């Protein structure tokens, strides 16, 4: 059985699921951020798989844009996490509970 | 030496004049930044540059309204229609107001004004791209431009843990939502083989339905609903809103409540209403359409109820406004569903216009309210509890009555902007004649009745309570004064004489649109 | 024939495996002697003789060193994070060795008739490329792999549970990220002129260009690349992650024996890789001007001479490295960062813009 | 004069707004806040004078039967027009509004000391909104004024009210707003049904919709019609207030300042009954008829309940407030009898209630100003100390109770007779439920006499129980002056109701026929003369 | 045959790494696992005939983003994750969401599996660096420009966030100390 479109999509879906569950299970802002990166990667795989299927460049360009965005998010996000750490000495989301109903 | 294969090249279609408004905003951002790096600490000037840029952009946009502009350009990536124009005006308005509101705060908190204004302008650029984008790529990039700028803005008060927390939550949940949105886009691309909304709509509408994997449309649509739902703070994806709004600096909160939400609505409308249209006769498309309208209708109900009920229980004004913004997203969704279920193109355009108009009214009112909250709050937003407003009504009547007016407009009292907005979205929804939508409108109405409680509470604490502690009315600066004047006039203007504007927003005849040349 | 078909399937893999082995062999030998050469050269520069006991003029010194590394006691710090501690040197060396697969060792040999091979294995084989893998994004591949290499150092620094190591690891990751930008930007000019990301393609493009070597039109790019290359390989004057005088030995303070040897090797292989890139991008790679008039293009002698020229150019760079080490002092960390961000990067970007303008007008 | 008659209603709406703006602007050039009452009084009085132009004989009814009609496009996008006009039904209510306002202003002559500017501004805005409610003929514009009238009242109660004012104000607002928002949905629904069925595009115009209905172009589906009817009816029932939606009323009345209570009783409550007659009866005649039994039941419960609860109130103002519930129950009863007499009586009773209860609240306000208490137990034997006050009070109470020759009697009698003749409720072989309803309602009258007179007895007669009451000053000339027109009206309306009834007759007849599809219970048929006092008076 | 083996090898490795990333409490282990995922995905891109994306994947994700993450983890010297205390209910939500997403994955899988398989033209130019480059500067010019703005903004933003806080109080202390010293002298 050659790997076909469906198998790539399944892989991508599984990775996305793992990332999504990870975001919710992780208590650590950096860990959550990494899980989000995993989700983005899963999406990239979908794009590339479809790009291959349709023999169309669009998907790969989209992936390229996503990577650029991911880089920006990483820069800003880590900056935010560091500035949170500076004030609270923790990156635990449980500690981010100043505001409650 | 050169190995390009020119035969394969797609002809680029760089129509600069079409994106001129966006470009002006972005360039203004760069200028602000450069100016600040050469002449630091001149906050007023950088603000002025920002406002000039926004105003210039608005002027260019206005000339484009009646101008001879192709319907799509940049290889179909930019659409020029009323959706884009009307929403872009909302964004420009929101940003200009934010700049004005921020003046007090920038001074008080010693924020680097140049970077702040630059970020704001880039965020505006992103929003405008979101409303203009006719391709999923543009929408995604616009959304990210907006989001990333907003993440930073939310965390600008770096010494304050609340602000950090707000930024962190916004960042994590925002990117989480982006991932869902992106997955949805990927699946839509997989289903149709294209990311261009015109092409997608064409494929869905074509009689032979040349969509390879119709099931993926459904899955992709669901994922995108989640993604956009996060951005517009639709229940059950609203959980981030109160914390983020409360923690973020007040002017940024004002901006977030009005701008990004409107932008998300713009692209939400474009993707779902224009990109996944209701087409009679194509069973798969009809099924898809029905599923998302139904799901959205239910979510809109939940949104309205959750937003209003939770807002009642808040003691913090910003938090209350946050929940109220959730509820308002619900009301705007009513118009959205109206657009989705519209039977004719004209009705659809009118419904889209009603959402745009609703966002405008919300922006006007909201900006005014937040201007006052900003003015009254001390450094680090210390005075944002309801108790801090006790009995200030007759001590500072101008502020208090303006704030009451905005509260009543948010409630939707007749004669104010809020009423006009509400009646427009409700009527566009009821126009579809669907039973579910009618139920939705009833829920929305009950929701607004509930909302009376917490909006009135503001008036109650300001006017009916006595103040026990000393209170000195803050000086109304020129900028805040300008915001208040604009907002008060806006509230009455939109409430009483909005006819021309609504027509502009809804009637395609207002813009002479030619087909793209190629 | 069962055997025949299996052989036919396996043959390409066998060839590639031989190629890989040969490539690695060449590189590792050169690296080993670079170490010796460094010690010798430094010795001469400082008025010493350098290693001269093992073998005539000390030529067997590398093997003696190797033996010592293997036989020494391997000390693992008690509080270290074991898994990562073991992983780090492996990562470093693997990432250093990976780019070998795209090295353009020489021009493809096209004139040999391979039909003499049994079982018809040579059928249809027209060229024997002197590159292990043909990846048409060679430049990106090299950059990608080397950028992963930083994990080796960073993880080593973190897992050792020593403050010197941690400082070294932090410094190296900051340094690598900073200079990678300038390095990447400096290459863009070359890529634009060549119109390809394939390393062999770039060499061919240089042959066809007016200047033969891209160092002439891209001398700014060359200097930026060279300086960044020093930083990327953690060599003096940018050897802050190791910085013996302040950090003892930086990230590998806690490493000993074979694991230390792996780091050591990785560093020199990286040097070799960077020199290779410099040669390929700016000095025409294996290309020797005028050689095609002497030997037939694609013949074995042509390839051999080209290959020797290639190795020679690389060695010249290696000597430059050693020379610099012998003469220049180390930067301070803030100087390093300022230099990278405020000088190199703008210069590299200016170069890119300048090149864009030139290419645009020349191509019209 | 042409200008005046063309724009009379607009002028009536805008004059108070102008007054409000001037009041607000006083700070710029005239810093004496205490003199603002003169400005307000001037404007309200001027408005009253202008409103008298409604009597002008030269006015001609438009095609739709409305006088002083004005119809200009407002927001085309949703097809709403600024459409105002007045007919027999709204005529007296407009006059009542403009008439009550100067009295309300006068009543607060010394009472309002804090934040006087805002107080007068809100009073003027309130007047504008109330007039707007009675004259607007576009559903959306009606809704707009209906809601707009809430805000000034909300502030009046909330800022200048009693101790429990916040609770009362919020309750008042939310109750009314909830109902009216439902009405808004119904209005929009009607708009689309109109658009769908007539194909003319949507319209909020009451006249247009009514005409379409009459012409048969617009036929409401039964279920939809019932829903729309319910939405309208709930909005108005809350405003009236009909049992069980009445709970906001005692709170609001008790906590409101005197002027607020007067206006609330005299005008605001009438918006509900007016709305029911104007919109529910006209737009949904069948639904009105079918659900009449519910309304009648609730009205009767309201009458009895209001009376019983009033009886045990220790607070005079609260007692009067509960008496309002009972009185408004009568109005509803009359309306839903769907006989000409009953409906006439209902309209008449609206005016009566405005005058009598308004006067009662004024009187309670006067004593409160003097004593700062309203508890019945704090008084006693006031008649000895304040003879004029006692006289006026008792006179007003009698009017409210429905003593013959006074206004209350005419209204209540007409309503009873109307209900007696009614055919809305089912008539079985053994029981005519219409009679039963009338009889039960009749006991309400007795109850009213009981609780009001008992209160009078406890407050005014006997010995002076509290030392503080001994030194109370009697009514001064201003107070007598502002009560005099009310007292005059009580008598005049009691003995000479004809001019009032004559103006409303045609409209009521039309409505009655629209609902019942046949004439019934007309005044001519039932020989009004022996009943009505005007014959004897002549 | 080889393709299948490679796919399952890399896919298995990717999933294992992903699970290990979520499982590990130590953020650095998670980071390393994530790099593993990136690298195996990059290999999968190569098998999908997308070498450019594969290279960029390594370059950007593994080489830039994750290095940054590792850098931050080292800088902050983070401890292991604590178990959830306040937000325990999130386990249920996470589990539910995971099940839903897996169901969707299955849904997508079957939807695509049953769809007619279009043969791919082996000579397609999609995925070649040249094609991508050309598209980037013709059809996708605008997105690339927006990415430029985005990157610039990210730079501004991160500089703003990471810039050292001005500490007026500290300065005051220093000034006072200087004054005192001046007096002493």
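We call the chains A, B, C, D and E, going by the order they appear; numbering starts again at 1 in every chain.
Here, a residue touches a chain if its C-beta (ideal position, glycine included) is under 8 Å from a C-beta of that chain, and two chains touch if they have at least 3 such contacts.
This is a predicted model, so every value here is computed, not measured.
Chemist: Chains shared as neighbours by chain D and chain E?
Modeler: B
Chemist: In how few steps can one go from chain A to chain B if every step must land on a touching chain?
Modeler: Between chain A and chain B, the shortest chain-hopping route counts 1.
Chemist: Determine, using the mean of C-alpha atoms as each chain's centre, which chain is farthest from chain D.
Modeler: Taking each chain's C-alpha mean as its centre, the farthest from chain D is C.
Chemist: Farthest chain from chain B, comparing Cα centres?
Modeler: Centre of mass proxy via C-alpha means gives C as farthest from chain B.
Chemist: Comparing A-E against B-D, which pair counts more contacting C-beta pairs?
Modeler: A-E
Chemist: Which chain has its Cα centroid closest to the overall Cα centroid?
Modeler: Ranked by how close its C-alpha centre lies to the overall one, first comes B.
Chemist: Centroid from C-alpha atoms only, then distance chain A to chain E, rounded to Å. What do you get?
Modeler: Taking the mean C-alpha position of each chain, the two centres sit 6 Å apart.
Chemist: Suppose each chain is reduced to the average of its Cα coordinates; what separation in Å results between chain C and chain D?
Modeler: That pair's centroid distance is 94 Å.
Chemist: Averaged over CA atoms, how far is the centre of chain A from the centre of chain C? Could you give it in whole Å?
Modeler: Averaging C-alpha atoms per chain gives centres 32 Å apart.
Chemist: Taking each chain's centre as its mean C-alpha position, how far apart are chain C and chain E in Å?
Modeler: Averaging C-alpha atoms per chain gives centres 27 Å apart.
Chemist: Going by the touch rule set out above, which residues of chain C reach two or more other chains?
Modeler: Each of 196 in chain C touches at least two other chains.
Chemist: Going by the touch rule set out above, which residues of chain E reach two or more other chains?
Modeler: 52, 56-57, 64, 68, 73, 75, 104, 108, 112, 118, 131, 135, 140, 143, 147, 150, 153-154, 157-158, 160-161, 165
Chemist: Show me the residue ranges of chain B that touch chain D in the complex, using the header's touch definition.
Modeler: 350, 393-394, 397, 408, 411, 413-415, 419-420, 423-424, 426-427, 430-431, 433, 438, 441-442, 445-446, 448-449, 452-453, 456-457, 459-460, 463-465, 498-499, 502-503, 506
Chemist: Across the complex, what residues on chain E touch chain B?
Modeler: 104, 107-108, 111-112, 115, 118, 125, 130-131, 134-135, 137-143, 146-147, 149-150, 152-154, 156-161, 165-166
Chemist: Under the definition above, what is the set of chain A residues touching chain E in their complex?
Modeler: 1-11, 13-22, 24-28, 30-31, 33-35, 37-38, 41, 44-45, 48-49, 51-58, 60-61, 63-65, 67-76, 78-83, 85-86, 91-94, 97
Chemist: Along chain D, where are the residues that touch chain B in the complex?
Modeler: On the chain D side, the touching residues are 74-78, 114-115, 118, 140, 143-148, 150-151, 154-155, 158-159, 165-166, 169-170, 173-174, 177-178, 181-182, 184-185, 188-189, 191-192, 196, 202.
Chemist: In the complex formed with chain C, which residues of chain E make contact?
Modeler: 28-29, 32, 35, 39, 51-52, 54-59, 62-64, 66-68, 70-71, 73-75, 77, 128-129
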